[in-house]
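Got some structures for you, see below.
Two complexes follow with chain A in common, the first pairing it with chain B and the second with chain C.
Entry: the complex of A and B
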């Protein structure tokens, strides 16, 4: 597709990327099925980690798109398609949720009627934590995300041919409605899928904690892909280091935000030290888990903080790629750190099962991205803010 | 949406920050006018009103110092009341200024230039008001020096485990950095005023304050670097101050205080109340000093959007606390929240909910976001609501805790109200004096965002 005004033509991604994604997904899932028969609980816990990782990237990307519209940003317009492609994970989430919804009882203690009956606290929670309501919530959230994904990206795509400014306006309105919906759905996603793994535990900040990780993961994925595409000349030549700087600065900001939220949650629970809530952190320290706790702080905060702190680092391709890739791993580690110690009497161990699902997850991301990249413009050519975005300088 | 609005908004072009083709010299004239003209009757009337309020406060503080804090309504079990409510309220107000000047600077929001100076001044005055209360609350303010850790003959050492001490460091650091940041921003403007003024005394004062500024290239280069660095320093401070204020409550084991959402929730609330106060005052300032073209309706609308967003964050926190109280299964936790909403202080709770969560929802409508009357009503309600939020958090959690035998009620005395009034007096007296003694809007920064002032970067190659 050629657009003379912008001197831009779409360059197709090489086929081997699609193939790589396919191989990763198939091999990940086939080993995953073996893992399920080998150790069903561990396999399903890891599947949950993968599922939430994909939510983080897909739904987090949709949030980034909404953010661009609502604050009327211009610098991110030329790379918005890349974020939209990542958000295209959202429709697949419906299918990916099925194995979890069918086998809830393997990882969630509160699904066992006998356990709930003998436990006063769990019994009192059963109006919220019961299988029917849980499934209803999960489905409703998926439908909300899909609805907004479909509406917002459809308008964006339509603009490629029509260039109609009213579509931007419509998307701004949709984004304004989506953001509160996002806040609520992502919070209860965190409560349902993560917090209820240890159903006695509670923390009011937990939704924000998951949100902060979500945005870090989505931004990292976007940054990594933008830098890779730029280095291989897939992007418009006017997308320059100043755009990368903005991405780097946002990433740096959200790394700090994650650190802030994680620290706030830890400090308050540690300081008050009441038995209703402190056990959660003890499960993540005792039995060898302290290694993961420390590794999480280092990979999710300390290293990216130091790497991205200086101004030139925020547009340094190498440093951006390194921090983005590290943070994606750190987000998986974060989910691992939340999910794995929740099963009873688990001491820290690593199994081959812990690697097959992230591999499948990365495969899915690559497949979803390259599927969209083949069919749609890599630049939102009809967006009225595009020219401002391309001429953007710090 | 009417058609006129649709045509006016063209996303291909950025909206001008300054409206109505003001020349650069017009901008200087407009901003410097209040400093160069003689004060009129209205100035003295408003100064007299706020001065009276300040005096009432001074008298009430004197009574407190003479008799001790027994003249307040504080009692057992409500040991923290108006003193701490007012402290948190004013610290919260003091969050908008540095947020606008530092964080919006890092976000490259050019519209901040019109309002940053005034908001920063309000920050500094609000923090001054805030600092008054914990010092009075200690009962013996003349011993406040011991709050700083220094080796002394009495062998007194502070308790570093206490967030109350962290407060001392957080607030004083915040105040210092905000003051320096504000002053750095003022230097080029003081130089402009020095070059404009005809009065000898003013010239001497402005010359000293402008530190020999000559508007040279090299000076600007250093200035911009310093400004950027200070913005970087100030940003974590904005977030840390109210975080630490929230720790005052959240590190305890008291239901209603101990909850992990407090730090981000307090920060959102502080920005919410701070922006509401900035809008309240700016609505008058832009009218009185004819700054409508510099502090435009677009500015106010953007601030109202921030108020809407932060108001919803605060609403999210209220809801999350309530939900988690139920979900936790802890009976005292559940009781505290039921007691908040339906107990003897339910009226305060519902004032808080309606002012902070319900009324700001009106800002979803563009017409209301752009109507000065409507927004004035809403932002004042927000100020009221945020004061009550702190009242609800502090008093309702304290008055009924674990032991029903030690439950009690709290009612403020006249002295409590007098000091609260006095803090408003202090704040507005300082604000009014500020408008007559310093440029209320940054002259240099506003000129830098007028049409044509920005470099266009035509040199960059766009060949493939």
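Entry: the complex of A and C
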């Protein structure tokens, strides 16, 4: 058993993965800089999409870790390191936020004092929506995420050598504190970075809407990586289809959750049909945007729902890979659908700029992941629940 | 000791690993009719038992789709086809509004049918007893033991082989379970009747209490007792204490055109009958005349009232006066009333009034037909008969 564990705990990923991540990131960003001088607004909007995509995967993964601790799950222990590696995006989020924080005025209407002065609604919202408070919130949230990321993963890593069970208990307590913090920070992140793009609009369900997308994205990333690693024999042989089934079932559940929340938001606004609210959906239907709206429903809900519905599908490697990859794209599309129509009189169009930043984002995810995978055990060998997690059967 | 046929042989284990290995062996030996009872679900048991994945999911899927289809069809038929209503300015087929109902019905039908089908097809409801009930085996597995039993009905059944297998795998108890003697219960046992009776009494009391008492208590009476003006009730708000207010002067009801010559003995202007005497108009006129005018004026407007002197008899409408009246004047009499005859403006609509007048003209013509008219009518009916 011990030998077996060690053999699978630190198998190095091939070098080319690291290289691929590097190339994707560098090429993405260099084209991104060109894009900035070509069309600053579009470039920055796309940068925002990439940034939020990374928040979704990084912070969403940290939430999944906390979830494992707080419900005392066993099945996910053998794959927890994969989730931790994804959560290692969180420290980079600080640096990545800088371009946005410096150039807030390019995409956020409420940063222009002249506009706010003449607009009663924006003026009344200005105690909340002003640059200083916005930056303070962004920084505080980043610090909270980093703090918990650092504490939780440090305990988990320490356990590899010490095997101390008290560390698990400590992480359970940390998770219990983190989850409410996560709920609040992710809600306000959605309000700040996404809802305030159209500052006249408001929707009380918007935080949960972003949260549902966040979890779908994080789970998809985890599922995709687990299936790929398993197919290439990087995982312990005792990580079997039953583990994949649990991931598939969670993914299916959260796809439904996203659909439910997205529809709940739409239904009430459609029903009441008052001008203060409905313009947001009008912007996402008129001027050709209806194509994106329909595509979003199809890729983010209909197709993954049908593909993952049956029981065997939830452990079918091909179907899992397909729906996880599709849902990652759908989450980018979701962000695109929220961000892009917000700029004044924009009709739907696609430009090369829209592809540059997602490429860079994916590069960053790969880099962060392989950086950690090189240095840390792929199995949490000291975790007291590992044995039971490996013996997990449905 | 026991004369009843053998039902099964059962073994009890005291640890989950042992039972999984025992079950694996049983399944590998080719047994099919066996089952496992454990105090909690054991991971890996499905695989050890070689269970195929359940067919129950298809039932859920089928009824879920039925639920969705039913809800959508119902909403579509009632709200878009049969009784289209404009609600909130939405289209008649307002899909987003139908989705919650569709969702609910899908879930409802899927879950309820799953439970019902599971009970009837998979658990063989209403069979409410099973030979392994009421045995020491059942008591053990309801506590801290893990049990497996193989039915004697299995084609591979071999008591000695099984006993050896159970012993080898470390069973702590091996039982032979016999079919219980058939028991027949009369349907109308006093206990059952008492049960029915008490259900009846309790339901009645609860229903009576909730409908007649509870509804009028705080806080359940909130709906009945509201801070609003009810119809035909006094109002403390207005100085004249009338709850129902007279509309502002000059208010006109929707779709209502006020009659200009109200109260005049003879209308100041002559009105033309807008309706030609077509058969459908006469048909309508006849119907309304018989309903509203004939009680006083008689079925043929002869003034032979059916009211037996309870009301002044009206004059015949075949008099010269009535025959030479303009349509407009008769319309005025119906709308405004004349002396003892009350106004019929609230009972018959404008079109109906003009139709009645057309019919009245037919009656008058029939009573006073000249020979030439009769010949004419005969000619027409002959040519009609061809």
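Here are some notes:
Here, the second predicted complex is superposed on the first by the 385 of 394 C-alpha atoms of A that agree within 3 Å, B and C clash if a C-alpha of one lies under 4 Å from a C-alpha of the other, contacts with A are read in each partner's own complex, and residues count from 1 in each chain.
Throughout what follows, a residue touches a chain if its C-beta (ideal position, glycine included) is under 8 Å from a C-beta of that chain, and two chains touch if they have at least 3 such contacts.
These numbers were taken from a predicted model, which means no experiment stands behind them.
Taken together through their common chain A, the two structures put chain B and chain C in a clash. Touch criterion met: A:271 reaches chain B and chain C at once. Once the two complexes are laid over each other on the shared chain, residue contacts for A:363 go to neither chain B nor chain C. Of the two partner chains placed by the overlay, chain B and chain C both lie in contact with A:393. Of the two partner chains, chain B is the only one that A:183 touches; chain C does not reach it. Touch counts on chain A: comparing chain C and chain B, the chain ahead is B. Legend: residue contacts after superposition of the two complexes on their common chain; A:310 is shown touching chain C, with no touch to chain B.
By the touch criterion defined above, A:202 lies against chain B but remains apart from chain C after alignment on the C-alpha atoms of chain A. Of the two partner chains placed by superposition, A:58 touches none, neither chain B nor chain C.
Listed for chain C are the stretches 169-177, 223-231 or 331-339, of which 223-231 clashes with chain B, judged after superposition on chain A. Applying the stated touch rule to the two superposed structures, the overlap between the chain B and chain C interfaces on chain A comprises residues 267, 271, 391, 393-394.
Residues of chain C touching chain A in their complex: 43-44, 46-47, 53, 57, 61, 88-89, 96-97, 99-100. Contact residues of chain B toward chain A in the complex are 6, 9-14, 106, 108, 236, 239, 243, 247, 250-253, 258-264, 312, 316-317, 320-321, 324, 327-330, 364, 457, 460, 462-464. Only residues 263, 266-267, 270-271, 273, 309-312, 391-394 of chain A touch chain C when the two sit together in their complex. On chain A, the positions that touch chain B within their shared complex are 7, 72, 74, 120-121, 124-125, 128, 165-166, 168-169, 176, 180, 183-184, 187, 191, 200, 202-208, 237-238, 240, 249, 256, 260-261, 264-265, 267-269, 271-272, 274, 276, 383-385, 387-388, 391, 393-394.
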